[in-house]
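Here the structure is laid out as structure tokens; the discussion comes afterwards.
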């Protein structure tokens, strides 16, 4: 990302990271100097560098989130670029894609540049704005996609996330149009008529609880349609927060055809199920479990894990969605949808994918850094840990366990579904182009 | 639903009951209330070997005497209605009616009067199951109601029964019959007919077993040592 | 028994029988000249109604007053709720007023569960969204037991909009607990997708089920469901799923016809069926007060 790289001209110190297991492999030393990885292994030596003891820690390329709600402008009570990127850095991220459903909507060059600038000022991680597909997220006419692409923010990912581009003709045009600047449409797959008033996954639990069901088919039907459209016009489609086993099957089929389709899954869909709405330590109908798309069944969780492991799903994206307390401490129907996730993502992925043996740390690096950076066309991120590469790094201790205590979060919001839960691992340090944004677990 | 509460720790309970503090409806009497306390495990430190104060024949003799007294005092029991307080007052009232009929051929209406909803100690224990209230078809207005209970202790049950009665009608007069009067009154109440006066310590428990409820007749005194 | 009554699933068989037995004893109270018991003197019951339901509110109010509780009626209309106060703030207000029990009716499923987090008193669900209405199920069971002598092994058919019915959900759970055999009959559009996991049978064919029913419970069908394409027209609905005189004749002779009210005469139930001696509609209303007295007594009458 040239925009982000320009933001990284700050003078950075020299750090010698000792004994980190690169992508979970053998321990090695890393010398970071002038914003890049200067040396790896025996050549990494310096008398002047600040030493970071990374014994037992895993070194990963800085994590990249394709799906973050920073809420600024408009809902600064829930999150700001400053607080959201601080949360991102603490979660091991060096770049986040800021979703477009702000107020005003990020549907013009002006708004995306504002968000991009706020990110540079905050400096905790790179902020890559996502542009809206349709003006005002109204689903009626295309936003000025080209102007956003050409702006200082260099937008490549476009999404009406929160709303589905449900009009097939509009979706086709959007897919076609972004080919001109190598853009991608990130679709929030939710057939609106099938989900009118929907509250939670349609199934056994929704039937018992008397909550309006959110059928899997409402997601799958849109994904199937969009895969066909993307293939027809030869464009790139990215599917946001895949949540069902059926969606996985459709994606597998589309990929088997060689179509240019990618997909993401959220950490919470890899770990949590709709049973929590009925039975949980925080009581039935607790809206901390209310999210879009909804938590699904065990079978879906299992299918999503397998799909992430075999690459059918390309990456993990947090869908970090902050909401103020008053929007969650309500009856279920009245509550806002969404969960925060930046500060727990890596731990949840460890629990769901690594501790289960489905993915090794190299796999985690691929799904949380390499691939999302490629999908988002972020040039300076998701690079291998080799000399000469930008020093975007995360040091992670997988051996500890921590109790999730939202009051300690950097995020302005507290709507985590993991409250009181013990999760493995801890981000010890994050480096953004050679500058530590987090050291010893503390924001710098 | 009702957690078992030991009668010895029930500060306002005025009637000592066997085993279960919950006057279970007929046919659902708890198993342990039918078994004599002697069969409790020896490891239970609080209870000493129980002393039977009255055996079956003694109980019926006492009831017969009460029946005679009622006949005498009410001049033939003409307008008497016997109302037993559940659980064990109700079968006692039925027995009294039977004896009165045997002695004089007089048919005395009898029934039961549950006082649970009128008790002053409801908030000291979990909510209890209700006993039956079955008034004879003649009603109680202008009748002489004889309340019948197994054990008279603090007098609070009788107080509750008087309140319950006044919501059901207006008897000409109300009298009280108790199989056992164990003393320790907490209210200005006395019995008109007593089967046996039984001096007790407050820490002791009096248990009445009746054939109709428990499968045998006996009155047992249990000493409870303070823990 | 639980401190709250939010779902029929909260009740064990013993709990349910205790409530029914208690109600049996309390039934006599409404027949005597002094229809009042002193039991809940000094206790405060708040009727918190976010949804209009005069019938249910009055029933709870009568029950609480017959037990001498103080009753505060708090209806969403004309209160701070209509000015945007949240359920939580309302709960905290009630808490400050010292409510011993809150009877809540709310259009959102699960609102009583949330309320129970925020208040110390007992929460009684008087109907939440399309979830449950446990005292309705209890009064239905009480009505059945009084008429039929028992519930164990009885065949109860519940007909209509099961998908949106809190009455159906509570009845399926409670009747199953009490040993009845429940069959749901509805057009497939008005059944939850996972209804096969419920402890009951399911049929689309009312005429096949009627001869094997000891009780038929007709659910209210709302006309607005037609607009959402759940069925083509009320006429077609009542032809296929309405209880008319012909169908009544196909029931066993002593079978009961129940309806939680309010009825749509001519839609799910024909007028002559609603008014027939087999119909328990009026009894259900009477029994409603009795069963709510029993529940209030058992939740509030003892130590808390």
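Order of writing sets the labels: A, B and C. Residues in every chain begin at 1.
In this text, contacts are C-beta pairs under 8 Å (C-beta built on N, C-alpha and C of every residue); 3 or more make two chains touch, one makes a residue touch a chain.
Keep in mind the model is a prediction, meaning the values are calculated, not measured.
Trainee: By Cα centroids, which chain is closest to the centre of the whole protein?
Mentor: Smallest centre-to-centre distance to the global C-alpha mean: chain C.
Trainee: Would you identify the chain whose Cα-based centre sits farthest away from the centre of chain B?
Mentor: A
Trainee: Suppose each chain is reduced to the average of its Cα coordinates; what separation in Å results between chain A and chain C?
Mentor: Between these chains, centre-to-centre, one finds 46 Å.
Trainee: Calculate how many whole Å lie between the centre of chain A and the centre of chain B, each centre taken as the average of the chain's C-alpha atoms.
Mentor: Whole-Å distance between the two chain centres: 73.
Trainee: Which whole number of Å gives the spacing of the CA centres of chain B and chain C?
Mentor: The separation of the two C-alpha centroids amounts to 38 Å.
Trainee: At least two partner chains per residue is the criterion; list those residues in chain C.
Mentor: Expected reply: no residues.
Trainee: For the complex, which residues does chain A have touching chain C?
Mentor: 199, 202-204, 206-213, 215, 283-286, 326, 329-334
Trainee: Tell me, which parts of chain C touch chain B in their complex?
Mentor: These residues of chain C touch chain B: 1, 14-15, 18, 21-22, 25-26, 28, 32, 34, 36-39, 67, 297-304.
Trainee: Give every residue of chain C touching chain A within the complex, in rising order.
Mentor: That would be residues 86-88, 106-111, 113-114, 116-117, 128-132, 164, 166, 169, 192-195, 197-198 of chain C.
Trainee: Can you list the residues on chain B that touch chain C in the complex?
Mentor: Per the touch definition, chain B meets chain C at residues 1-2, 25, 114, 117-118, 122-133, 163, 167-168.
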